[in-house]
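Next up: some structures, all given as structure tokens.
You will see subunit A twice below: alongside subunit B first, and alongside subunit C after that.
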Partner chain A sequence: MRPQSENFKELARKNLANEGQRKILNQFSLILKALRDASFTTLPDEKAALEKGRRIREDAIKNLPYLLEMFEENATKAGAKVVWASDARQANDFIVSLAKEKGANLCVKAKSMISEEISLREEFIENKIETYETDLGEFIVQQAGKTPFHIVGPAINMTIKEVSDLFNKVIGLPETEDPTELAKGARMFLRDKFRNAQIGISGANMAVAETGSIILVENEGNIRFATSAPKTHVVLMSIEKVVPTISEAAYMLKLLTRSCTGQRISNYVSVITGPKKAGEIDGPEELYIVILDNGRTKIYADEVLRSALQCIKCGMCAAVCPVYTHVGGYSYGWVYSGPIGAVLNPLLLGLDKARDLYHATTLCGACKDYCPAGVDVRNIVLDLRAKEMDGDRSFDAEAPPALVKIFYRIWAWVLLDYSRYKIASRIMRIVMPFVIKYGKASNLSDRLIQWTRCRDIPQVAPKSFHETYSELKK
Partner chain B sequence: MEDVALFVPCLADQFLPEIGVSVVKIFRKLGVSFTYDKRQTCCGQPLVNAGDRKGARKVAKHFVSIFEGSEYIVAPSGSCIHTLKEHYPRLLADEPVWYQRACEVSEKAYELSQFLVSILGVGDVGARFEAKACLHESCAVLRQLGVSDEPKTLLKNVGGLDLVPLNDADVCCGFGGEFSVDYSNISEAIVKDKVNNFKASGADILILGEPGCLLNIRGYMSYNGVGGQVRHIAEILAGE
Partner chain C sequence: MDSTRNREIILNRLKRFAIRPEKSVKSELVKTKKGDTDALYESFAQGVTAAGGSAFRVKDKDEALKTLDTILTEAKVSTAIVSEDNMIRSMKIKAYLKGKDIKILAPRKDRASHKKACFSADAGITGTDYALADTGTIVIRHGKDNARLPSLAPPVHIAFVEKSTLLPDIDTLVAEIKPSKTNMPSAMTLITGPSMTADIALQPTFGMHGPKNLYVIFIGE
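Up next, the complex of A and B:
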């Protein structure tokens, strides 16, 4: 998926103007929050549960190198072939050449954000391997030539009518506004693809170090089909998916499905440990697990930023984000959207290519309150802004113009002494009305004008509290 | 009664001095012995949010050295208190002595309603304010400090105040400091929702505990000719 995060402002402006989409986003957020809250009441203590989730994920990320090696060892013992890919190119090259080696011309795909990140489907199609997304939402998105709107609900922004028109056009389904009929149409269309595909590709919700298992969570059954019918199953996972034990995985599963869709458990949970064994009827003959880094080791190396890797991709943060619920998923310009996208996209693409994402946040912190994995988006955002201000190139931050730095330097200097602060506030009182009235030349006055676009500028009090206080004392 | 250092955030000092005046009234009424150190300026939150850690560090030290002598630090703002509590220790983590001093300051910092209810144990300040009102739970107060029951308790006990529910009271108003100017169209869409919820509540007054939210929501309402008032909780609690 081609990154467009640089165009956040423009994309956000366009999406804000889309009234229909805004309505869907409102509904989506309202319903999901209610379902989620209801599902959490079945746990004895929501706060304690979230805290436990945070601890499990934080510890897993802390011990990442060790856990990954343990996972590799145990997955290999179970008969899987583990392949390490340092970037998108390596992962794509390996999977494409494997598919060719197996003589594959048809591939079924389960939903995987990592595959979007490395544009695997596009690579397959370029290499003349017919490839189908089999998750209903992703199938719609693929057929419509769009990109996922939300990490969990890739097509939530589309209306039934739009899907009906699309299915009529691409799979010849008679027009219907019955969602069950539409889903059935997609299922019938995909049935033969599952049966005839030589290769199935999935992501991984979790990888269990102690058993070498992959856990896949879904509601439609397409993942189980795609990972068991074809002779070769390729798992594409990123390095942070690993958890130490099955019991910790089971606990995270409780939090994942509740936060994802408000379900206590999803319709299907597959635990895949190695390929089909002797005497087993179902399952692939070969299982490959591609473990992708693609910039994550660098994130791991930073003690503040690594919290971003704790994310289990439930998508709840987006539903409670005041920015996401207004600008929608496309505005983020790349695979990940919502609060986690606001930090992951810059970290993976480079801060200079997604600068707006970590600035376009109110810092309200709702994402952190709802996160089942303890990702502290707020602090990561502030850290990225500090990296930018310092011109720290470790994540390709572009330092702000010298004038901005001088502006803040003066500001800090003013705050260090009340007499300077007082002079500054006097100057502000004199200058501000003129700036608002006449000044459009400077960056500063442009920012003031942005405020006044929809709000009255607050009147500076004739006397500050500081000055009033002396009179109050009497 | 207590040795309290009053911190009036810069936004309140410059734009909304009546908030500070109200806090003084409340303290006097309750017999709280307090001081207002005239060397105070700002906690440095705008610098933290802009990523200027060098500047923020200096301002944090200035603040710590002014306020560390008192038993309690109280401010009519959640976000400034959160800056002290969360960011000062982080900013000064590499300077052991300053880190220690910052931690001590952070431990005695309280948002106004939190201080009144949790420290003084006062749920009823004996205020009177005739109005139908609702409460916007500012993010910094609610989420960053975890303060929600305290303002509700205080407001419930205000004579004449009819407190009605506000839909999505816990959703951000779209201020976010520099966000409100750098992404003013998104900010506008968010504050519009807040104001629509306020209108739908049937209340005449929107009460909140954060000067930033106040300027944002009030500015939007007056620009768009929306009736009703936005007031800081201190002003309500100072009502007679």
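Up next, the complex of A and C:
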């Protein structure tokens, strides 16, 4: 998908005006959070559980290359073919040419954020390979020609009526207000695809170094189909998906499903180790695992940003985010939305292509409090802003206008010294009345003080606290 | 694309900032807590039901077959695909079904006919390797005798669980399978309830792509 993160402000304004969507967002996040909270009460100690999750992911990221080597070795021993790709182009080219080599003309895809990131489905379709998203939400998104609205609920913003109209148009299903009938329509349509597809593509929720296994989590059964019915199964995973052991994977699984959907376990968990063995009648004859970098080794090199790689894509941060729950998923303009999107999109696209995303945050830190993998979004946001102000070009930050820089320099110079501060506030007392309305300075149109478009600067008090204090002491 | 070269570049870049794992990379195996079967079963059945399935407890294999018969009648099953695993074999289910006018599909010839049978059967009947009380989960280690599609493609899945394989939770499952680089099956599936979705307006719907109904018959008192 073509990134539009540059247009955050415009997109956000448009989405904020969509009353219906805001109502859905509001309900959706409340329900999800309630389900999540209830499911966490079945763990002995929520805080300790989140802490353990953070430790497992943090350690896995610390040991990343060594775990990847071990994973590769064990997956290869189990019969998988491991392939390394540096960027989107390489991964797409490899998988497309593999599909062609296998003579595939029909492909079933399981939901995978990384495949959205590299637009794999679009590549397949361009190369005349009929390709279907098979997760119901993703199927709707694909047929509607939209982008995922939420990491876990890609079409959660659409009403039953909208889905019914869509299915009527694309698969000829009679209009209905019953979601069960709509699901059934998609089931019948995709069943033939599962049966006849020559190639199945999935992501990976986790890759286990100890055994070379891929773990996939779902409720619908589409991942099981895509990984069992076709003769070739391609796993596309980014480098950070690896965890050391099955026991640690089992622990993360408990946190993942609880944080995703408030389930203690998802309906299906598949642990896949290599292709089918001799004598097995179903399962893929060949298993390819494509390990993709696509900008992540660069993130890894930065000590603060590295924490973003701990993310397990549960989507909980979005449901508790005061920004996401208002502007919704489309405003982020690319694959990842919510707090994690506010840092991942800029890091993967370049800060200049997604600048507003890491500025449009309240820094409340709810995302960190709820994160089962210990991602510190707030800290990353501050770091990205600092990089921008410092003119650090490592992630393509656009340096601020010279005027802004000078303004902040003066600001800092004033604040660092009490006597300068005192003089400045006296000057403000005199200047402010000229720009003030109803006791506040709002909506100053000057470029330098755009800040006031949604915030007010109150009138400086006639006397400072210190002045009042010393008067009273007398 | 030069995979070997990419590999070198990626790993070298990472290694400049990484540290080696301090402890050996081996699963932590918790000591199996032997719980009281009745309490474990209670929790298991509750989990199955909460996830939208049905659980039945029977005293022996004969009774299990009777329950199977009731389920088949109730679910109006006329064709079935039957797994080849030990539990199913020892119960002589195929012979039993033949006497009941249920057509058994898939003489395991080849991949295509197996697939066809799985996609057209009314029900899939399988054994299980483990069951987890905590969440109401059944676990199947797929292999030569335990294919993947019978528990997935038909609209009804009927699974048998033996009392001795009931474990408290996923941690004890890990301890039981003792994961290593050599002993993992090509696929292992943890199943909790029938297939479901809530992707349209958050409304839970069963029978998305996999079975709409899951019946678990638990054998042993």
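Note that in this section the second predicted complex is superposed on the first by the 449 of 474 C-alpha atoms of A that agree within 3 Å, B and C clash if a C-alpha of one lies under 4 Å from a C-alpha of the other, contacts with A are read in each partner's own complex, and residues count from 1 in each chain.
Everything below uses one rule, namely that contacts are C-beta pairs under 8 Å (C-beta built on N, C-alpha and C of every residue); 3 or more make two chains touch, one makes a residue touch a chain.
Given the structure is predicted, the values throughout are model-derived calculations rather than measurements.
Enquirer: What is the contact status of A:R453 with respect to subunit B (first) and subunit C (second): first, second, both, or neither?
Expert: First partner only.
Enquirer: After the superposition on A, what does A:R393 contact: first (subunit B), second (subunit C), both or neither?
Expert: Touch status of A:R393: no partner.
Enquirer: Scan A:I246 for contacts with subunit B and subunit C and give back first, second, both or neither.
Expert: So A:I246 only meets subunit C here.
Enquirer: Go through the superposed model and pick first if A:S464 touches only subunit B, second if only subunit C, both, or neither.
Expert: The answer is first: A:S464 touches subunit B but not subunit C.
Enquirer: With the two structures laid over each other on chain A, which partner does A:A12 touch: subunit B (first), subunit C (second), both, or neither?
Expert: first
Enquirer: On the A-aligned overlay, A:T361 touches which partner chain: subunit B = first, subunit C = second, or both, or neither?
Expert: So A:T361 only meets subunit B here.
Enquirer: Is A:K169 touching anything from subunit B or subunit C once the two structures are fitted on A? First, second, both or neither.
Expert: The answer is neither, since A:K169 touches no partner chain.
Enquirer: Of subunit B and subunit C, which one touches more of subunit A's residues?
Expert: In the superposed model, C touches more residues of subunit A.
Enquirer: Look at A:D93 in the shared chain and tell me whether it touches subunit B only, subunit C only, both, or neither; answer first, second, both or neither.
Expert: A:D93 sits against subunit C, while subunit B stays out of touch.
Enquirer: Which subunit A residues lie in the overlap of the subunit B contact set and the subunit C contact set?
Expert: none
Enquirer: Under the stated contact criterion, what part of subunit B meets subunit A in this complex?
Expert: Counting only subunit B, the residues touching subunit A are 8, 10, 12-17, 19-21, 24, 36, 38-42, 44, 46-56, 58-59, 62, 139, 143-144, 170-172, 174-191, 215-216, 218-220, 222-224.
Enquirer: In the complex formed with subunit C, which residues of subunit A make contact?
Expert: Residues 27-28, 31, 59, 62-70, 72, 74, 77-78, 83-86, 90, 93-94, 134-137, 140, 153-156, 158-160, 163, 179-180, 182-184, 186-187, 190-191, 194-195, 208-213, 219-222, 224-225, 227-229, 231, 239, 244-248, 250, 253-254, 261, 264-283, 291, 293, 297-298, 300-301, 303, 306 of subunit A touch subunit C in their complex.
Enquirer: For subunit A, which residues count as touching subunit B in their complex?
Expert: Residue list for subunit A touching subunit B: 9, 12-13, 16, 322-323, 326-327, 356, 359-366, 368-369, 382, 384-390, 408-409, 411-412, 414-418, 421, 425, 428, 447-448, 450-461, 463-466, 468-469, 472.
Enquirer: Going by the contact rule at the top, pick out the subunit C residues touching subunit A in the complex.
Expert: Spelled out, the residues of subunit C in touch with subunit A are 1, 3-4, 6-7, 9-11, 13-21, 25-29, 51, 108, 110-111, 114-115, 118-119, 134-135, 137, 142-144, 147-149, 152-153, 170-171, 173-174, 177, 179-182, 184-203, 205, 207-211.
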